[in-house]
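Chains here go by letter, A, B, C and D, matching the order in which they are written, and residues are numbered from 1 within each.
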């Protein structure tokens, strides 16, 4: 007995711009661990200008337009975010601010996955709950379980930036499977 | 009987980059309403690059260095923030991310004032509590009362962007006086 | 063309114990405004003991058992909460603490609606985002829109405690309809 | 050269009612580790009724009156809180709700310390930021550093409920010293 699913198309972004970011490495791990039937593409946020509503009124710049278009086409969004100053990075919030503006086709009604990695013990919890509050306004629907908060990140990646901690790989796999299931459930509506 | 105080030097920033921003207009009103014995200078955040820790490691860019230096010299910081997507703007968070990096002389131990203006009823409450959580990490000490949350902003400024609502002007005056008193109290330690 | 739905069974609770509570009055209004195909029953929280895990280990007291059973049978939960000290009342949190304990059949996977009324302008926003964070742990799925935050409550109810403000009645109607739709969507999974 | 300080009188409460609570054990450890010049008394919250404003209007019950009086006399307040459902326990919030009602002499302008212990890794972070938001309304001033979030509590106490982890004892000592200093600073105003 087989059940054929349309593939679930996820677009993921990392909230860190640095080259050796644990979060970008987590996003790479997610691509590797995506379940069958899921495509996981990434989108850059480092080439966006600082949000200025005067610019928006004059017309979305091309990098913004392209960023928004990629999110719009996705069935679901995956955020992989560090925690800076007990919240998400300004860089990631700036990307969300651009994507959220009318028409909000990037997030409205979309399923969302959230992961984060940090050197400390708490593993981006504070950032993730701020992000969840933003998603209320954006009318997006994040999954609840399992939360992926990768603490003490330096111990879980090898020198080449590959996630080697098996328990963490398992959580990412479960999170992505839950996101795929949630996405199919919400699309069926 | 006179009591002579050293002037309290505040540096304020607006979280909005658009020219006719209600928040930038609120910051201008604050300059106008600052009590005797307070100087209130402003600092720009629209010329900062997106935060990238690789750039930081290579050395703070000149606009960042100058931004950080202005905050470092201040006795207290004033944030005037819009609410975007139920949090502070990415632009403002990006500025905080740059200012917070070691050595954190911009915020550590500093008194802080917070104001915000928005077209809606809630008047940036959600953004302000996110900002307050960030200030815990930054070891800054915001005043509690009166909170300045300027709802329905379009009804409180005139066509030239001047704050004309007397009740709101009163709250700003009280907030700045409380910030001046709090700053003197913390300096005395 | 008719489509027959199974009725959606909601259980609602008010976070205020006082007799003339605006929130209890809002819950009564919700019963009156519930769409066809929805049953909305209420459950008391004022007869629960203070949560003490030693008591729980010895066995749920009868009032707790009955409270938990009513939530377990519901398809979805409706919270109507005042804001006390910028969060939900202790009384409501105490009820949630009892209901959440294993086995968590009260909330796990359940759709949730949230309303609140307060005398002030902000209309329980701060309480509602705290509640939403709790729901992540409880693995419940609150709807996002429309948020029902009834500010300046004293102007919207008549002397008998009936909600007379038509705009607010409309929001409640929309919220309940959205909750019914969301509940059907999640049950279909 | 000696400097004589008036003693700083702290009143502390544990947010957990169970007999073998890690948080009550943390409060006991705090008593043991309090610096010279600090008195740390505790106050019970398990004997308070559920908050009901009709009861309050009729007059504070004796247990409430006594609870409020103890807080009023304190120079500073210490909260030791578990995390239930990603927030503070209803029991603790209930105590705060009673103490906060007019006249708010329990918290207004008071310095505050916050600690928490939990079996999990995150160590009550989510509860503590909720508590901090409440303190804005209450016009209390919590210290920022060091935050005391005791994760994996089961590994840090012995069978008799004594905190034996030296690193954690050090954090508590530092937190109490910082609270003593902060209290003296705010009293000097």
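A few points about this structure:
Convention: a residue touches a chain if its C-beta (ideal position, glycine included) is under 8 Å from a C-beta of that chain, and two chains touch if they have at least 3 such contacts.
Computed from a predicted model, the values in this text were never measured in an experiment.
With centres defined by CA atoms alone, the chain at the far end from subunit A is D.
The greater number of contacting C-beta pairs, out of the two interfaces A-D and A-B, is seen for A-B. Here the spacing of subunit B and subunit D, counted between their Cα centres, is 30 Å. A separation of 37 Å divides the Cα centre of subunit A from that of subunit D. Computed from the mean C-alpha positions, the centre of subunit A lies at a distance of 30 Å from the centre of subunit B.
For subunit D, residues touching at least two other chains, in rising order: 86, 126, 129, 133, 136-137. Those residues of subunit B lying in contact with subunit D across their complex are 129, 132-133, 135-137, 139-141, 144-145, 147, 185-186, 188-189. Remark: subunit D residues 16-19, 46, 48, 50-54, 84-97, 100, 126, 130, 133-134, 136-138 touch subunit C in the complex. Subunit D contributes residues 86, 121-123, 125-126, 129, 149, 151 to its touches with subunit A in the complex.
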